[in-house]
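Okay, handing you the structure first.
Chain lettering (A, B and C) follows the sequence in which the chains are written, and residue indices restart at 1 in each chain.
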Amino acid sequence: MKRELLTGNEAAIKGAIASGAKFMTGYPITPTTEMMEHWAEAAVIDKSLKFLQTEDEMSAGFAMIGAILAGVKSFSATAGPGNILMQDAFSMAENMRLPTVAFINQRGGPSTGTVIYSQQEVNLTCFGGNGEGLRIVYSASSGQEMYDLAIKAFNTAWKYRFPTFILADGYQAKTLTEIETYMPQEKQIEIVEAEPYLLGDKGEKRALRNTYNLEEDLHFLIEKHESAFEEASDNIVEYEEVQLNDAELVIFAHGIIGASAKEAVKILRGTGAKIGLFRPITLNPFPRKAALDSLTGKKYILLAESSLGQFERIVKYNLYGTKIAIEKITKPAMGITAEEIVQKVEEITRSFSGTSFS
Amino acid sequence: MKKLQGALVEPAFPKSWRKQSKPHKFCPGCGQALALKILGFAIDELGIQDKMVYGCDIGCSLLTWEMFDLDTVQAHHGRVLPTMVGFKLAKPESIVIAFMGDGGGYAIGAQHLVNSAMRNDKVTVILINNANYAMTGGQMAPTTLISEKTTTTPEGRQENQFGNPLHGPEMLSKIIDDKAYIARTISTNFGDCKEKIKKAIQNQIDGRGFSFVEILSMCPVNWHTNTQASLDFCEKDLTKIYPLGEFK
Amino acid sequence: MNILLAGEGGQGVQSIAKIIARAAQKAGKHETYLPGFGVEQRGGVSLAFLKINNENIFYPRFAKADIIISLCNRSMATIKEYLKDSSIFIYDNSAINDEHLDEIRALVKKFLKIPAQQMAIEKFTIKSANMILLGAVLPSLGIDQSAIEDQIREEFKDKMAKNPQITDQNLSAFRQGLELVKAPMEDFSGKAEVEIKSQFSDDKKIWKCFPEYCKGCGLCVARCPVHAIHFTKNQGFLGTPLPEVDINKCEACDTCEKICPDGAIKVEKYSSQQVE
């Protein structure tokens, strides 16, 4: 174990290498480009690492798939418009249960937007392509989590065989801070082995396709995938609960805004306010049971995200039936500081009860 | 069934064809099916069935997903080449074929074709040129001839509207490495077609680099031509615009 | 009324569905017509879903059909689930083998047996077999004969330039179907299994065209350098004509074997023949 000063992008690549990734494809796009550069440099020193800079994100996605079919742990990394193009490959992976791993550093959208920051690629990453969203999406809230989830993602992907994502953003990607790096064995993390889909030593030739002639055939395929996804969900979901037990208001936030909210909870608790935080780490599968349980005894929910409601939609879908009032801060393409969250919480308490929580 | 003296019980399939998926789904008189048969014989003669991966594109080529007794993957439109490039990089001892049509290669996948050639990726591309988008009902393709009628050029392709037909091998020959192999052949010439396919795959086996074969093919259904007219259009009209041969 | 049509791609299922749909609409009825469309241009069974109603129709598919029109062997598996007790099963008993009817025999209560293909080949052209079946279904449709005939004229109007007889030919075929329906229908049966001679040999060579792979494309006929191959009245698995060879003319040059896209022709010289 080491404590290193790293950006999120650097941490992600180190995590991928620690997890046993051997092949990266990519196309330059801010704020993700450095990932490719770090990998290219690592590949010069470690000849077991392979790298392909492709002509666009579509071929990056498909070349990643090709290598996965050969049984090599492969990944790509992109953002914004590149994420859009890579959905072509992700949807093939979704149909065929291929363990693609991709880092998505969210930037302002739609279109070229900004090269900087947002939480506006939740829809695209969780539900993109023309599929049903049978994908595993981790939302990192810090450079440290980018490292930790990088290691986790390859194992989850190869164990359950769904396209897997580490969702982050430009702020996390570029923030330089201290990260604890480690090898999986040091934390008793078992590495799931990759195996080839084609030219394995199994003898019989396999013909893999994603096109079906009859509606029924595709329908049954999707039902099969859904069953597998449901069955795996309990083992995959992750979340963080902060001071929920006696809280009267729970903040729902993910990614870096979850981190900002954690700071807000600390500030508010300092004033005696009974505030807690529920931070989903997996957006897909969503930790629905834990989220619903977290509502016990709560009077208010505050959603906060750097988007117009992409996270809100997922949360409300999963909390369906709750009678608790849901307030929100939706700030597309801009960050949300702890102070802003604190201010909003105080507004809520004032408008609902005329008094503050304490 | 009693085997009579000299009874023929096996059809004339290549060994590398998967028998369970026959009769295949191609239209009667299809040049692409013919090319696939020739490809099958080429693979038989090269003896590489066990280390070969066959990738197919969308369009009529997706009908080949279980054509061969080979490890196969059907990819998205225009994306079979990068998929094979990725596979080859991960497993360099394999022999990979990216099989596609004029749309997958010259339109939606053109940038992948150009860049793969530029990189001299050690893959083999086999592209079927039947001057239209057949699976979807006969729309214009980059290879549709001037004045040729298709469903999206009902008055015939006009140069001032959609430009001139694309010459794939000629274009690639300008950007390739010396060690690449580029050829154009025709599915109705069994010998030439098999030879060119074998040379292309051999280029990959020898580790020299990128190889590409365009195969002119008949499409009677979308050309609305009878047997002889289909042969004429392929062997006379198409070869006039798309000369056969090897391009360096 | 729910009507399901099924045939091989190229047998003209969609043409008659279109004619019925347009005629129904012109006659003031509500209609929807949805072609079934999988990926293949020709290799799959061609289906058409027609709904005709006096009231607004919202959804173009249905679970059970009132009328099913079947033109080929391969459609039996598909149409089976659409049969109900009151369905009228209209089928071409000159194209559909009796043994293929086994699949649905127990389910069919009412039927119209129409030798469409046979009659088409005898009196018109094989391509107008679908028109004969259109005539056969007319009495069940509740649309005037003149409305359908007007629509037939409309459909073939543009093809008249290439083939001036085409409209009349198809109208005659249609009217023939109408006549055939008036005849009594006896047993529910199909075409008898025919022994096809597909292999020809002499003391030097054997030539075979496999009916289960041949699609009747004619490339072998066109390319044989000595014109030894010609089409017969036999049919391959798609209902297309099977070729046969004049073995005395044949020089075993392998041209037909090489040009066949389906691998359906095999030629062998006797010198290395294994004999059992």
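The rule is short, and it goes like this: contacts are C-beta pairs under 8 Å (C-beta built on N, C-alpha and C of every residue); 3 or more make two chains touch, one makes a residue touch a chain.
As the structure is a computational prediction, the values presented were derived from the model and not from experiment.
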Centroid comparison with subunit C (C-alpha atoms), farthest chain: A
Selected interface, B-C versus A-C, where C-beta contact pairs are more numerous: B-C
Subunit A and subunit B: spacing of chain centres that average the CA atoms, whole Å: 40
Whole-Å gap between the CA centroids of subunit A and subunit C: 54
Centre distance in Å when subunit B and subunit C are each reduced to the mean of their C-alpha atoms: 31
Residues of subunit C whose C-beta touches two or more other chains: 39-40, 44
Subunit A residues counted as touching two or more neighbouring chains: 211
Residues of subunit B whose C-beta touches two or more other chains: 62
Residues of subunit A that touch subunit B when the two form their complex: 22-23, 25, 50, 52, 54-56, 58-60, 62-72, 74, 88-89, 91-92, 196-199, 205-211
Subunit C contact footprint on subunit A (complex, rising order): 211, 213-214
Partner subunit B, residues of subunit C touching it in the complex: 39-44, 199, 201, 206, 208, 210, 212-213, 215-219, 221-223, 237-238, 240, 257-268, 270, 273, 275-276
Of subunit B, residues touching subunit C in the complex: 3, 5-8, 10-14, 17, 22-34, 37, 60, 62-63, 134-135, 137, 188, 190, 220-222, 226-228, 231
Contact set on subunit B toward subunit A in their complex: 18, 51, 53, 55, 58, 62, 65-66, 68-76, 78-91, 94, 111-112, 114-115
